[in-house]
Amino acid sequence: MVHKSLEQACLIMDRSGVDTRKCMMCGKCSATCPAFDEMDYHPHQFVKMVTEGDIESLLSSKSLWKCLSCFACVERCPRGVEPANVVEALRVTLLRRQGENYITADDIPGLLDDKLPQQAIVSAFRKYKK
Amino acid sequence: MQKIKLENINELLQSMAQIGKVYAPIEKAGQVNYYEWNKDAKLRLDVLNTVKSAKDVFFPQTEDLASFKTEGKEISIQAEKPLDEDFAVFGVRACDVKSFDILDKVFIEENTDEFYKARREHGVVISHACNEPEETCFCTTFGIDASAPKGDIETYTVGDTLYWLPVTDKGKEYSAKLGNILEEADESQVNKQKETIKAIMDKLPLKDVTTQAFGAGKTMEYFDRPEWKELSEACIGCGTCTYVCPTCQCYDIRDYDTGKSIERFRCWDSCMYSDFTMMAHGNPRKTQTERFRQRFMHKLVYFPDNNNGEFSCVGCGRCVAKCPISMNIVKVMKALGGK
Amino acid sequence: MQVNSEFKPKIVAFCCNWCSYAGADLAGSSRLSYPADVKIIKVPCSCRVNPLFVLRAFEKGADGVIICGCHPGDCHYSTGNYYARRRMTLLFSMLDYLGIEKGRTRVEWVSAAEGVKFSTVMNNFVSKIYQLGENVKLGDLRCRK
Amino acid sequence: MQEVIKKRVKELFDNNTIVRAIGWENGEFFYDHTPAVFDSAADMDVFVYDNFCASNLSKYLINHCAPEGKTLVLLKPCDTYSFNQLLTEHRINKDNIYIIGIGCDGMVDIDKIRALGIKGITKITQNGDELVIDTMYGEKKCKKADVLLEKCLSCKGKKHMIYDELISENEDEMPQDASKRFDLVNELENMTSEERFAFWQNELSKCIRCNACRNICPACSCRKCVFDNSASGVASKANADSFEEKMFHIIRAFHVAGRCTDCGECTRVCPQGIPLHLLNRKFIKDINTLYGEYQAGETADQRGPLTDYTQQDVEPTFISDKEVK
Amino acid sequence: MQKIGVFVCWCGSNIAATVDVAEVVQAVKTQPGVAFATDYQYMCSEAGQSIIKNAIKEHDLTGIVVCSCSPRMHEATFRKTAQAAGLNPYMVEIANIREHCSWIHKDKNEATQKAIILANAAVAKVNLNAPLVQGESSVTKRALVIGGGIAGIQTALDIAEAGYEVDIVEKEPTIGGKMAQLDKTFPTLDCSACILTPKMVDVAANENITLYTYSEVEQVKGFVGNFSVTIKKKARYVKEDLCTGCGECMSKCPSKKGKDEFNCGLNNRTAINIPFAQAIPNVAYIDAEQCIKFKTGKCGLCEKTCSANAIDYNQKDEIIEREYGAIVMATGYEPIKLDKFDEYQYSKHPDVITSLELERIMNAAGPTGGTLLKMSDKEHPHSVTFIQCVGSRDISGRGKPYCSKICCMYTAKHAMLIRDKYPDVEVNVFYIDVRTPGKNFDEFYRRAVEEYGVNYIKGQVGKVYEKDGHLVVQAVDLIANKQLVLDTDMVVLATAIEPSKTARDLASMLTASIDTNDFITEAHPKLRPVESPTAGIFLSGVCQGPKDIPETVSQAGAAAAKVIGLLAKDKLLTNPCVAHSDELLCNGCSQCEKVCPYGAISYIDKEVNDHGVRETRRVAQVNEALCQGCGACTVTCPSGAMDLKGFTNRQIMAEVDAICK
């Protein structure tokens, strides 16, 4: 397997405090995950992708924001890998990048719907715009 | 009598160093001992007691005696030669000056130690009066006058001036070689200083310590005294008292294998050590109490026995200050000699 | 660093009987050369090497001391090299603390099968000692006379 | 405090709990107390406990724990670590010893007071954290914290690790900032190798091999030291060459590594003022960082770091290959 | 002063081409102590050896140095040569001037100078050598096997077959161990009882074997060849010699609430009990905690029923002391506790079971009579889900970091057996990896998939929960990258195994070392896998590491062979290069004891005479039969009291000095 960016992988491992190389691909995280069906990449894939340095795909994935942070995967992982912490590190990585945010101003009109309070949209925009 | 401003003392020492090596109280890593003076050395004439006494100059802690060169199975012996050059020891306090007399009795009077004798002959003793005796001082007990030290040359510090008085022929000869770095002076300042010092000495806490109870012929009186046990109970058997003592004179002879030769040297030893005078059956003094008793009996009874009543202590107070457990000859004398 | 061309270092190598001494034998039978400055002393196990021996070597004029044992986990006596590892780590750290050049001491794990490693280790160590030059900080001057 | 202790020890003599007691007795001056063995309640009259009782009494028990009656010992908090270490090494028998843990708020270094320029001292009394010093030239004052013994500057705290009963007012006082303990070691480590060599050469060359450091040390409890044993092949009595004091002090530090409780007695008693504790403390620091925090004597029966290992210990090359400063 | 002879070998041209042997001879002749030196083409040849022998006699040599090849080649040869000439074999030192000199250097002068230094170092060492004599110790011709499972049984049978007496200590009332609880064995599917019971009967019948069941080892003293073991035989309250195993008592016993351990607690048993029909010894025991007689003083029905008069309520624990020459650890394993795996509902739902429980359910003598039934309602299940690696390969702290090794195969076996007997039952196996290294193992697993239609799904189960009265398994199929939610009737957990709880205490009694997982450490992981580093202690079965039955049996045989090899000796010769403590220098501080890997150091209070001072001191003593001579203790000893014969401090320092000259 060609490593796309070892440097990036190390950054995420550092930031999350998780050594993804400990993963033995048992899939227990994905088996446990309540948001599995919502995700394009699944928890065990996150971990594998971090190891391989495929961080960019993860950063642009929907899954990143679908994780509920319920920590079931952290609780049950037999290898102490803590996928939810990886997710959190990825989120932080994204947040720290200016101009590469998940929401851009242009996205907002499309996201608007009647049920969503406008305040939430505004605050989300503020938060993710920086 | 001559004098020199203390601020010019380095010039004096420079001239002295041209005559021969000069040993003086010099500070190194926070402690003052006698080292050979050079222009970078930190002279500490103000410090009363050096850690090791001035005996280190005449009877150094280690001294090479002979060398056995080995060439295969062949051995050739090369004896060290006694010192053959003049030197001076500067800043010696009255007590340490007195200690040289005591060491002379051991190393010169009966059997002569050529190494020691050569050093004594080549060494000029330049003494220095004590302006500020400390509470640990008890030289008066042994009839020593800290205000007027003996020596080949006596020196005094008064204010910013060092006064210089050659006494012996050796001292006068030495002074003559110095040229005119010293200027002439009268003795009035020095005499005044002597009186001040005497007044301080009268106030010292240990001034009343007396040797009356001790001396020659008292072995049986003190040998079996029960106090030895109590006094020695806390003794840890280190050699601090011995090694800082100006009058202790025991040494050991040892060999060192360099691979190419055997170097025979002597070094100070301490009767407080468990391996002192070790024999096939062990140390003849098996307990620390016996070793402790040996040291003080030697200073207070055995030495006077063999040396016309002279004690082997000069009251410098080094052991009083340095003993790790604060046991010392003063406490011993008071405990045994009646209070 | 000035390299003295006359300088012939004295290097003592303590090798455990079971792995490293055999590794040195293998280096020999494979004709893998290393400088003759290295002299090997056989000990049963790296844990037999007393810090005193290391200091003694320096005292008597050695310029480098290297200790070789079985790889951790492979000790013939199961745990000897673990103790040696701690002892030597602390000793080396202390020597460094006293201002002694670090490169003069070393521990390497060489198995009986690692003839090549033995020779490489010794070549590297000796060249390091050549760089450092004569040991003046830890020797007894009488032995240098 | 002194009187409370005296009264209690006398009681213990009177009710035959103990047959002897080890404490301190008055010296010639107000600061030169000597460790003493008291054999009866009456002996205790000369007992003293104040700012000048720095001696660690635990080592005396090696010769005083024979089974004929219990020996009482007065131990300051730091002394109890040494006691435990001696217990661990079977050098003393707790069954024959009765420990009174006594409180301590630091011991005073008379030389430090003198270094402040205060001369002719006749008496020192403590008033809160201040010392009132009577001298031949009038009353002087100083902060006690400024004149503490070196060993008290890195106090491990006022808690006793072992005791039968306590006479202490500050048992709960926490240790001082432990990070400062290694300041001097760090400072040395941050020097260049040449500077370090010069520092130690300068310090160790003062050594007169009086063995005070060794003989006072509770960890140096060998019946016969290798350096005294002519059969060992390494015996030496004097520093005949600059190498010998290094050999002696390195090996001594190594022999007590993992066993030294950092009681600081070595530095306190050195007549040449060599900071010997910096050698021991270097080992302690290395042990703490490389093998996990370890305090010798915290409890008896600990397994020392040098008689232990883990499979993942750092390699000695970690030291040899460290960047040279 | 020694009179040393130095013999420089040319080794043909191997040495002589690079080293000027004549110069070496000349150089060493000048060394103090060297009385004779010569060179010869092949010192190891018979002619060379006679040169050595003659020189020893002619020059009254007290020690010799042979400058030749590595001591690993010919040290033994030259020691024998010296011995033949009347010299103590340990007065021989080898200077390795071939492997460490001539073969690696090209410059003749350089190599010659190095050879001289190596020879000088050897001379310096021999100067300090002392004659050493190999110690002897006797061997008690009896072995002890701790544990009566298949490992212990096989080891004991093999030792007994060789004609040596052997005792088995088993903590349960019967031997048989875990294998007795199994239904079938992989990969042959033969009935476990059918192959085990004949062996158990053999044990009972073998005259050389003494069985101590319901017994535990209390204390072990001594060393290889001479162990003294205290065994506690717990009171059974049934006289073993009288009980016929008829089982009448069990049918009358009114206390029926004890959990049947043999059936993993799936059903109850009586207070007086024989664990299973083929138990050896086939003797009942009374569980005093369940027995009404013990609890209330009333009842006594069993005593009345027993026609053999075997019941004895007053029986006491019995302490037995015996001597052994060798001890075999065969303490086996237990499945781990599953209290930390709540997500699988093991402790909450009766239909979530362990694989060992399934073995009992499938077994004809088990709680369901061999019919696959749900334990909750005793109904037939239609779907069974197996979960692999429950607690194995787990570094989270909930389980064990290692692979339990046997689970993949027994799960394949279970899946196959269920599909075979009940083709209507759907079987799903959730696995991480399927590990089948072993003869016919992978074929076996593939048959489960290909012939028996077992569904193997790569992926773990996240959780098991109950919904509407049935079990639901939420899992992932990693190949399909899908989360699965399946209804199932039974869940079987392939539970990790761990060493028996008794192993740790026993290991410390035996001074056998133990790893972080409580497996007993072998003396060498590759070359001495059935020996403990402590001489005379051997390892059999899972106590050393997870293994299946064939592996266990082969290791049991290997351990037996090692024991037989030991017991066959009349005397044990001990390595004379052992540690020795100078009692006058010893502080009794116990540091050396802590680093000794062999438990060879002990302490005694001894009266010593230290140059006239007589006192009792605590001093270290080295058991020379146990000491292997590593020297760890010598460096730990600050006073230098502990030294190593043959490699003394002085000898090593003499070598150092000679090299640094």
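Going by the order they are written in, the chains are A, B, C, D and E; count residues from 1 in each one.
The rule is simple: a residue touches a chain if its C-beta (ideal position, glycine included) is under 8 Å from a C-beta of that chain, and two chains touch if they have at least 3 such contacts.
In this text, all values refer to a predicted model and were calculated from it rather than measured experimentally.
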Go through the assembly and pull out the chains touching subunit A as well as subunit C.
-> E
Per Cα centroids, the chain farthest from subunit D = A
Just grab the chain with the largest centre-to-centre distance to subunit C, centres being mean Cα coordinates.
-> A
Would you say C-E or B-C is joined by more C-beta pairs in contact?
-> C-E
Calculate how many whole Å lie between the centre of subunit A and the centre of subunit D, each centre taken as the average of the chain's C-alpha atoms.
-> 56
Averaging C-alpha coordinates per chain, one finds the centres of subunit B and subunit D separated by a number of Å equal to 30
For subunit D and subunit E, let me know how many angstrom lie between their CA-based centres, rounded off.
-> 46
Any idea how many Å lie between the Cα centroids of subunit B and subunit E?
-> 69
Numbers and ranges of subunit D residues touching at least 2 other chains | 224, 226, 229, 234, 240, 306-308
What are the residues of subunit C that contact at least two other chains?
-> 51-52, 56, 60-61, 73, 79, 83, 87, 140, 142-143
Residues of subunit E whose C-beta touches two or more other chains | 595, 610, 636, 649, 653, 657, 660-661
Could you please write down every pair of chains that are in touch?
-> A-E, B-C, B-D, B-E, C-D, C-E, D-E
Within the complex, subunit E is touched by subunit B residues 70-73, 257, 259-260, 281-283, 286
Subunit A residues touching subunit E - in the complex, by the definition given at the top | 22, 24-33, 36-37, 42, 44-45, 72, 76-80
The subunit C residues in contact with subunit B across the complex are 60-61, 140, 142-143, 145
Given the complex, residues on subunit D that touch subunit E span 88-91, 221-226, 229, 232-234, 255-256, 303-304, 306-308
Subunit D contact footprint on subunit E (complex, rising order) = 584-591, 594-595, 603, 610, 618, 636, 638-640, 649-650, 653
